[in-house]
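Naming follows writing order (A, B and C), and every chain is counted from residue 1.
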Amino acid sequence: MSSRALRQPFSLRLTSNIFLVLWCLVAAFPIFWITVMSFKSPVDAFESNALNVIFGPATLATGNGLSLLDIILGVAMIWATASLVTKRLPSMVRSYSKPGQEWFGWVIGVLAALVGFLLVFLVILPAILNVLNPIFGPLGRDVLGLTTEHYKTVWIDRGFSNNFKNSLIVTVGVVTVSLTVGTLAGYGLARSGSALAFWILIVALVFRALPHSVLVAGYLPVFINSTEWLRPILGENAPTLYGKPFAVIAVLVAINQPFTIWMLRSFFQNIPAELDEAARVDGCNHFQAFRRVIMPVMWPGVITTGLFSFLLAYNDFLVTSLLLDAQNQTMVPAIVGMFNRETTTTDQVVAVAAAVSITAPLIFLVLIFQRQIVSGLTAGAVKG
Amino acid sequence: MNFRTFAAFVGPSVLMMLLFIAFPLISVFKQSFYITQPIYETVEVETCTPGFLTQTCVTEDVSQPKLDEHGEIITQTQYVGLQSYRNVLEPERTWRAISEGSLNVLSTINFWKALRFTLTFTLITLPLVVGCGLGIAVLINNAARTIRGPVIFVSLLPFIITPVIGVLSINWLFRGDGILTAMLEWWLNRDIALFAQAWTIEVLMMLYRVWHVAPFAAIVFYAGLQTVNQDSLESAVIDGATRWQRMKYIVIPHLMPLIIFVSMIHLMDSYRVFEEIVGFSSQGYVISLQWLTYDFLVPDQAGNRSVSRASASAMLTMIGIVILLILPLRRTWRDHKGGH
Amino acid sequence: MKLKTILMAGAMSLATSTAWAACSFENEVPLKSLSAGFEAWKAVTDAMAECGNFSASLDQEFREKQPEAFAADPALYQIGGVSNATLVPLLNAGTIRPLDDLVEKHGQNLLPNQLIKVDGKTMAVAMMVNAQHLMYRDDVLAELGIEEPKTYDDVLAAAAKIKEAGVMDYPIGGTFKTGWNLGQEFVNMYMGEGGAFFGGGNMPAINNDQGVKALETLKAMTEYMDPEYLVSDSTYVQQQFQQGKIAMANLWASRAAAMNDEAESQVVGKVTMAAAPMGSAVPATTIWWDGIVLASNMSDEEADAAFRVALEGMDADTVGANNDVAVWLSTAYTPGDLAAGAAASAEGGAKAYPASGPMGIMHTALGNGLADYLTGAKDAPTTLADIEADYITAAKEAGLISN
């Protein structure tokens, strides 16, 4: 609100900002809290006294902790990395990568920064601190109980990286297929005024509203016995669909289609039809017009829609838990499994650590795409 | 656009939806009128199970399904009309409860219990989500430009977090002596058990849902706020309109399509509330329609599942959602016709 | 996490995939198993994996997947982990094979007790038994001069005393979570009263004095339980025990070891394992077993290999290394104090869980229907009548009761 006439009195701004801070606290607290829990011994993590959970006396008693010095240096290190990445990285990427291939430069840049950070933070810094802590006396004494052993259990002993890989396969598959299929359909629906288009949209909306458990339970027997009913079509190589990531990708794409085509249709409706009509006057058919005129301007809407597909695939539990077996299990069912089996309290904290691990990529994703989401929505990906 | 081009564009998407949504749905519809069951015979069987030192063997009559020559269970499928719907709706008991005027009895019949909660949940969270979303959007829009980025980021966290994990974290914070319950107890100086009666669980579920969805509404509304016509706002100020009037006569009408969009998405999502029931393990107190269907479908330990009743309850759920959606859809029809 | 440990772990995983350290033979047939995911299964399947070419699915949805996956031809899993209840659907569908010839060939080390026989044919090999039994805080009861509770009246009296003395607000813990857990509690009580679940023709028969008595005992216990009892499962009760919040609970034998886990428990060495409290007839508990089955839809060579791998999984090495994880059925098992409760319950005459098709439906109906009584929405006879009605609807749909 740049205009002077719209400037707000100080008291209003203050109240507004106080409420905003309150909201941010409410929004972030549960996530902050499970992160804290994941670094504590089981006794501390489920303690009812909040201070004990934060300071972790039982964790400290087992010899795992951070001294003031650790904390100061660690925070400094994180801050330094953050400022380095935000200030220096963009210019470095721009100077080293060829024009038009900047995204590749970004991938390399971010990866390098990540690896460098992990190396210094997890290997070099602890080594230095081991030497420094005894020298600094009281500053070097452990005050905050903290242990990374649950993360070690999750990622090394439990082979969670395998689940991570499977999640990645399923998610990337769903996003790509869903956007490809959905963009075409969304464009077609936006440019057609026929009653058929309308009814497709309405039926899609009803599909969107369906309870998933109804559909999913029906898939299991069909998927398990697929060799039998596919044999007449595909011969001896007929696959068992159960436990195959591509089958799950297909199911998730289908479940996600209604929302995708609705989003993209509204978005394409906001791109003036004159644009592609002009291209068609120049002799392009619909597909060429789509490729030459629409594709260059559709990315904000597609990225926003893609993010929703990503969330659906990444967070799905119902479909993946039922249609995949242990060898290609994704992360969410794996975590739920950790709770449902006959667990101990330690298992639960390990599951908390896994839960935090699975949230981290989501946070990165939002950090990267935040601006595109807002601009995509602003550009009209949602108009009801 | 002629039909063939249209079909080429829309085809793949429609095909996937047909294959994975429409066909299963049709078979669900069919199953709700039929019952498929194995043919059982009673045989005397001796079963030996381990004790601590020796085995215990019992001989008893057991119902066993008959197998055909391929070793597969012989099943028979039979048309039962609306029997499965009757089994779900329990009309006799319902009627008795209504004629006696005892709502307590009505609320122990599963379907009505589930419907009651699902509707309450949907209709209470709807205005809350829209209201909170709008509030947060306005707050963010009011904030200094430099802090908007981080604030939007933090606001989005509840929305992106995996629902299963979101529910569990709320569970840890409140269940038993979870730290937030402990804080409440300390503050109010009395013993609190949030999971010990229906209404507190319902309130928790609704709060969780609002926490989870309001960021989505907020970010959509915030995007909408960026396109409010600044000129008309300024002329409204010159005309002496108060803040509230500007909000009411310029901003809200501008956001109306978005409000309808968010409401529709939320209606659909909250009508199939499920994760909260499982995550808070609230089956003893409240259940939802999707949970009811799910419970019929999940096989018990001996492998029995009530497919017909599940299909019937799924169909009833679907009728409900269509009724809820009719109003917003009438507008879409007008838009669709007007847009071309 | 240090870089070195990551590298080490990588090297370790390489090493395990090439060497079969603890397995007596090298398995060359690709095998898969599907079972529940609790600690004992993890130990057993880890040991099976040492033979090579084996992958295990410890799946929380195994109940749903097992019947379908075993019915497929060829079966998707060769080895299945079952309990006495989950054996029923496989047995009914005839998708598991008799093991007698294999037992004769390879099963010299098996106890006769382990062979699950149905109509004279060995259909499964049990590896462990499990039962709920009384665990109590030795120190708390001793301080107040309370004897070891033998019946539920004793338990309730002890709870009253503990509460009166102000030691604990809620002395009793219970796995009363709505659904399977709560159903299981009723089954325990009702069996303890000597009740029978079914009359002729699979008709339900629980609406009787024993049923009402079982319900009343359950309700009386809830007076001394944390008011959130309808959401508390065994992990939660175990945690309450570990945190010293409860003094008595009828908890699974497989949970006993957790009480003495230094890393989690604040009551190490203070919990005594005793027999399940007596009902009017027998101890109010049921005995369960877990074991392995082999699919019918595979070749005999595969079955041979699968059986050898499975036996390798539950051999003396596994049992020796995981002695306290479960009450094992094995010559190598040394029952310690932790198994005393399960053993005493069995000696007292506790019955096996009466697994069958109708019982599966009954258990579900009980689990869903009992909460209304405990919350006070219905009285005992109405609750039982409604559960019976619910059972009849479901049993008719399943074809177990003729219309």
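Note that a residue touches a chain if its C-beta (ideal position, glycine included) is under 8 Å from a C-beta of that chain, and two chains touch if they have at least 3 such contacts.
From a predicted model like this one, the values you see are computed outputs, not experimental measurements.
**Q** Count the C-beta contact pairs for B-C and for A-C, then tell me which is higher.
**A** Ranking B-C and A-C by C-beta contacts puts B-C first.
**Q** Let me check something: if the centre of a chain is the mean of its CA atoms, which chain is farthest from chain C?
**A** Using the mean of the C-alpha atoms as each chain's centre, the farthest one from chain C is A.
**Q** Can you give the whole-Å distance between the Cα centres of chain A and chain B?
**A** Taking the mean C-alpha position of each chain, the two centres sit 22 Å apart.
**Q** Just how far, in Å, is the C-alpha centre of chain C from the one of chain B?
**A** 32
**Q** Distance from the CA centroid of chain A to that of chain C, rounded to the nearest Å?
**A** 37
**Q** Check each residue of chain B and list the ones that touch at least two other chains.
**A** Counting only residues that touch two or more other chains, chain B contributes 176.
**Q** Taking each residue of chain C in turn, which ones touch at least two of the other chains?
**A** As it turns out, chain C has residues touching two or more other chains at 64, 71.
**Q** Residues touching two or more other chains, restricted to chain A: which are they?
**A** 46, 336, 339
**Q** Flag every residue of chain C that touches chain B in the complex, lowest number first.
**A** Going through chain C, the ones touching chain B are 63-64, 67, 71, 83-86, 88-89, 92-94, 112-120, 126, 129, 169, 177-180, 182, 202, 226-231, 233, 236, 240, 287, 289, 296, 329, 342-343, 346-347, 352, 355-361, 363-364, 368, 371-372, 374-375, 377-378, 386, 393-394, 397-400.
**Q** Inside the complex, what are the residues of chain A that reach chain B?
**A** 1, 3, 5-6, 8, 13, 16-17, 19-20, 23-24, 26-28, 30-31, 33-34, 37, 46-50, 53, 181-182, 184-185, 187-189, 191-194, 196-198, 200-215, 217-219, 250-251, 253-255, 257-258, 261, 269, 285-287, 311, 314-315, 317, 332, 335-336, 339, 352, 355, 358-359, 362-363, 365-367, 370-371, 373-374, 377-378, 382-384
**Q** Okay, in this complex, where on chain A does chain C touch?
**A** Against chain C, the touching part of chain A is residues 41-43, 46, 119, 122-123, 126, 148, 151-152, 155-157, 159, 220-221, 224-225, 227-228, 240, 242-243, 321-322, 325-327, 333, 336-337, 339-346, 348.
**Q** Within their complex, state which residues of chain B touch chain C.
**A** 35, 37-40, 45-57, 62-65, 67, 71-73, 76, 84, 87, 104, 107-108, 110, 175-176, 191, 193-196, 198, 280-285, 295, 298-304, 306, 308-309
**Q** Using the touch definition up top, name the residues of chain C that touch chain A in the complex.
**A** 1-3, 5-6, 9, 13, 32, 34, 36-39, 55-61, 64-65, 68-69, 71-73, 76, 234-235, 238-239, 242-243, 252, 254-255, 258, 261, 263-264, 266
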